[in-house]
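Letters are used for the chains, namely A, B, C, D and E, taken in the order the chains are written, and counting of residues starts over at 1 for each.
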Amino acid sequence: MIPIDDSPIVRDGKSLILAMDHGLEHGPVDFEDVPEKLDPSTVFETATHDAVTAMAVQKGIAEGYYPSYEDDVNLLLKLNGTSNLWMGEPDSAVNCSVDYAAELGADALGFTVYGGSNHEIEMVEEFRDAQEKGREYDLPMVMWSYPRGQGLKNDTKPSTISYATRLALELGADIAKVKYPGSKDAMAHAVKCAGDMKVVMSGGSKTSDYEFLSTVEAVIDAGAKGLAVGRNVWQREDPTRLLDALEKVIYEEETADAALEATE
Amino acid sequence: MIPIDDSPIVRDGKSLILAMDHGLEHGPVDFEDVPEKLDPSTVFETATHDAVTAMAVQKGIAEGYYPSYEDDVNLLLKLNGTSNLWMGEPDSAVNCSVDYAAELGADALGFTVYGGSNHEIEMVEEFRDAQEKGREYDLPMVMWSYPRGQGLKNDTKPSTISYATRLALELGADIAKVKYPGSKDAMAHAVKCAGDMKVVMSGGSKTSDYEFLSTVEAVIDAGAKGLAVGRNVWQREDPTRLLDALEKVIYEEETADAALEATE
Amino acid sequence: MIPIDDSPIVRDGKSLILAMDHGLEHGPVDFEDVPEKLDPSTVFETATHDAVTAMAVQKGIAEGYYPSYEDDVNLLLKLNGTSNLWMGEPDSAVNCSVDYAAELGADALGFTVYGGSNHEIEMVEEFRDAQEKGREYDLPMVMWSYPRGQGLKNDTKPSTISYATRLALELGADIAKVKYPGSKDAMAHAVKCAGDMKVVMSGGSKTSDYEFLSTVEAVIDAGAKGLAVGRNVWQREDPTRLLDALEKVIYEEETADAALEATE
Amino acid sequence: MIPIDDSPIVRDGKSLILAMDHGLEHGPVDFEDVPEKLDPSTVFETATHDAVTAMAVQKGIAEGYYPSYEDDVNLLLKLNGTSNLWMGEPDSAVNCSVDYAAELGADALGFTVYGGSNHEIEMVEEFRDAQEKGREYDLPMVMWSYPRGQGLKNDTKPSTISYATRLALELGADIAKVKYPGSKDAMAHAVKCAGDMKVVMSGGSKTSDYEFLSTVEAVIDAGAKGLAVGRNVWQREDPTRLLDALEKVIYEEETADAALEATE
Amino acid sequence: MIPIDDSPIVRDGKSLILAMDHGLEHGPVDFEDVPEKLDPSTVFETATHDAVTAMAVQKGIAEGYYPSYEDDVNLLLKLNGTSNLWMGEPDSAVNCSVDYAAELGADALGFTVYGGSNHEIEMVEEFRDAQEKGREYDLPMVMWSYPRGQGLKNDTKPSTISYATRLALELGADIAKVKYPGSKDAMAHAVKCAGDMKVVMSGGSKTSDYEFLSTVEAVIDAGAKGLAVGRNVWQREDPTRLLDALEKVIYEEETADAALEATE
């Protein structure tokens, strides 16, 4: 963890990361109901919203589409990822080097670590290389800290999420992206375990506007510093309206109710 | 994906890649009925046809034969490959470095990725190195995107081929070479999943002239940007005639019927 | 082993290392009764005590907190570590490079070797790289020498601890951190096996003041050169008082009784 | 494959390689009846015969004995090899680097690839490194192309040997050393599969003069470009006489009968 | 094998290597009856005897003690080794780099290769790196050539020891250290298999003066060039007397009887 409040991916100490690596991680199935979003330009357009501090994509998407958006969007280059065609013990291929990410204009880096996987050792060593090389470019590092693997039956229970944030802090991440542990108290504990390092919640699969915003409200209340969201934004018909609401909940710390009302 | 329309391997936005790596991948058995084609010169001769934008071979063939054809043929150096003497979980040896490919005069690179294989992680990391090194030489990268392995019972079903093109886009390929998913609609979806990246169909084993050209017609109609073909060309008695017809179907977007008639 | 008596982590030939890598190795559970200690600053404060010659932490903690304490605390950067979410044969990820440790201002390095594990070979080779690179920076190397793995049923029996210290000497450590082998005699033998290399006892889980200090007294009496302690200090309500007592037992070689009395 | 007809290891387009790596591959047992040949000098003496275009040995033998023969013998440094004390799936240790081979004065390199082995992928990648580095020194590369492993019940059947020569061509060897496939026709097919690349027969275990020369005659007749022979030469009482005969069969394309008669 | 007769570790063409790596390989148990020898200085003192041409130790011992003996003892740095806490298929960790060995003042290098182990491939490749790097420093390489592993039931039978010396020659060692194969004849054959490379006998566990010296006499008679000995020297009450006797048997080629008598 280094100071990143002056980084472009942080606004008032918080971050809203719009993620679209689902084409790699889940395959085209996530786009079934919104086929037009298979065109990455549509999501980059959404990412120009003021509430979004960074867009997280894989190398190929960055290469092909970021040149048109580099003035309006901050790039978070996700350095590893894996298809779900493969079904072994959790692991993730490092598919982009830090040098190349920097060349593509990245403002920050992203890296998945599956703590608890039989590949934890290897992933942590790959993370080390990426983190230390990233330091040379002054690029903040966001860890997708997702404990998972043969020893973990429930990957969102409070103690697991608290371990996830602590692991990110100890290993040198600047932001930990973790799943919602089920309650505001549990999230508050996970935030406490992270010391001064920022924690953002991972958006997960699509829910209703109110349900989603309420969770975000709880998370911000618990001390988290924002959100990394994908499907809950770009699977929506009107992503802009939700981003307007998220802007209020995250940066202005309004309630979900107030934010929804204001954006109706 | 970077812009490659100005690359020598692209003609009017499309590509026709003549492939002859079968001696490595399948062994001499593919040449049983056309033993004269064991001499790579014969296929390089065929590749001088205007319709062919690149010839895809392994390092040894390029070393031995490309010097005689470098003025008339564009070289696509296939960087990995494996014999079928070996029968484990799908994997492929990187048998040529990008530096050496460039030294041999390559105009483009080829790389197989078996998404879904237990070796997916390793193959994607090898692809990363090749793709990024290729960028230093401005060499387009064609991914043989072939999901395959223990978790995949059917490697040509529509959702698999769509995942294959998306995976190639996300990982930074410039062209994805995929198998025909069985219908024009399925191919159209696979093309859509690839965003602005080009998709070409893999030719497969030999069929009749009409059947083959009809499939190519459907594929072009579906938005694909060409074809990578081997046996369906060089296993034929008169490859030139088929290439004449393919030229019409691919670049002039004529029907299979019209193309066959014109080349009779 | 090289001469380290002039190193900042040694005082009068001895060391008291305050360790806080439990957040990585054990997870937040070790902080359950002392949640305020989840904030690493609190333990760094404790480490400013004169008795403490070095504070041992992982990279992320050093990055985030050491800049505020570099004038008052000596940094021992622990180079490897693993979560207990993972439960395979003992191994440890090298999560920090020596170059980066030096950049963070480390005064010494720490490295776990699980002799007897199926990963012993690999760990010893990683240790080699770290030790030799550390020599370039003149950084003393502390080995957490913890025999463990499928062949070892009891990892604190005297012969195991004696092997642990000898292994550290043979491999080039400057200090071996080992568990208490159960008696002063056994510790004396372990110290003898280490030749001129320093041995420090690993503190272990929390016990009573008297029990802990008595063990330390025995250990010092046996010729050990100090202590590496974590939970027995920072899990206490008043760590300073215990450190006052430890200072007397370790550096002034007083009895536990005398030390406790003097600090009441 | 690059042009090697001007290389010292080629005479009139052909090669006769005298191999003595049996001490590593088979152990001293191959020398049981000719214990004096345990002294490598004796075989180097034999290799001074005009018929021999190169002597193939491992690094240690080259280091110790080649300095005395560098004016009279061409050195083919065999880069990998394995004892038969080890009995796993076929593999071979790369025991000499190309840089060091060049330093020892090598005129050519040798490398075993066990196509079909579970280690095929790894061996082909090691071959790549050696072949490409060898190109920097202009050193011809001879591949011991020996399909072998769990999937191969019969490693000398015609289709296997044809695959072996093709694999060597595709991977960039300059000469393929293969076993005799049992008939002249089968060898002719294997030669055809190799395109313009040279194929030499591997000598195998000792047979009678006539039997051996007849096979060599058939092989040359089939278009092969020579022989790599060990035991059939140095296990003989009078290697010189056999080399005289081989010279006639290989370079002058005489029959076995004529050659034997002339050298009686 | 390169000429090493001018090396400091050779005296009149022979070597007597005093080894003390038992603390790593066997643990403190070898010192049970001679606890004072746990202090490496005591053995370094013994190594100042004129008969001893080199002392073989691991990195840590060299670092800590060799500086005091560099004028009186030649250092043979053993580059790999493993504890016997670990009990898998024979393997050995490379715990010291050649560069660092040279920096420590090594006069020669030592390396264990377990031919026949499932790790033979890997060990031989590690040996290659060490041997070739050692050549840059002109450091003789002693191979502990110990066939061992799942395929070897008896690791001291004559054919195994003969293979061991040959393997060392082929791979580029300068001296092979092997176990006694049970008879003078067997040793003579093993020596013959090594060509011009030197063979020394490995001392093994402690026996009586006469028994030990008689074996050494036989070994020298068989053409071996010396001895590598540990326990049979430093486990003795009066190592100097035995070294006096060994000096006579090895360098002056006296009988065991005569040597014992002369040193009484």
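FYI, a contact is a pair of C-beta atoms (placed from the backbone, for glycine too) under 8 Å apart; a residue touches a chain by one contact, two chains touch by 3 or more.
The chain lineup, named per UniProt: A, B, C, D, E = fructose-bisphosphate aldolase.
Fair warning: this is a prediction, and the values are worked out from it, not measured in the lab.
Novice: Enumerate, in label order, the chains that touch subunit B and subunit E alike.
Specialist: Output, common partners of subunit B and subunit E: D.
Novice: If you average the CA atoms of subunit D and of subunit E, how many Å lie between those two points?
Specialist: 36
Novice: How far is the middle of subunit A from the middle of subunit D, if each middle is the mean of its Cα atoms, in Å?
Specialist: Chain centres of subunit A and subunit D, defined by C-alpha means, are spaced 58 Å apart.
Novice: Any chance you could list the residues of subunit B touching two or more other chains?
Specialist: none
Novice: Please list every chain around the ring, with subunit C first and subunit E second.
Specialist: If we begin at subunit C and move toward subunit E, the chains come in the order C, E, D, B, A.
Novice: Name, in rising order, each residue of subunit D that touches subunit E in their complex.
Specialist: 21, 23-24, 27-29, 31, 35, 38-40, 58-61, 63-65, 81-83, 85-88, 91-97, 99-100
Novice: Flag every residue of subunit C that touches subunit E in the complex, lowest number first.
Specialist: Residues 1-2, 115-118, 120-122, 124-125, 127-128, 132, 135, 147, 149, 151-152, 159-160, 162-163, 166-173, 189, 192-193, 195-197.
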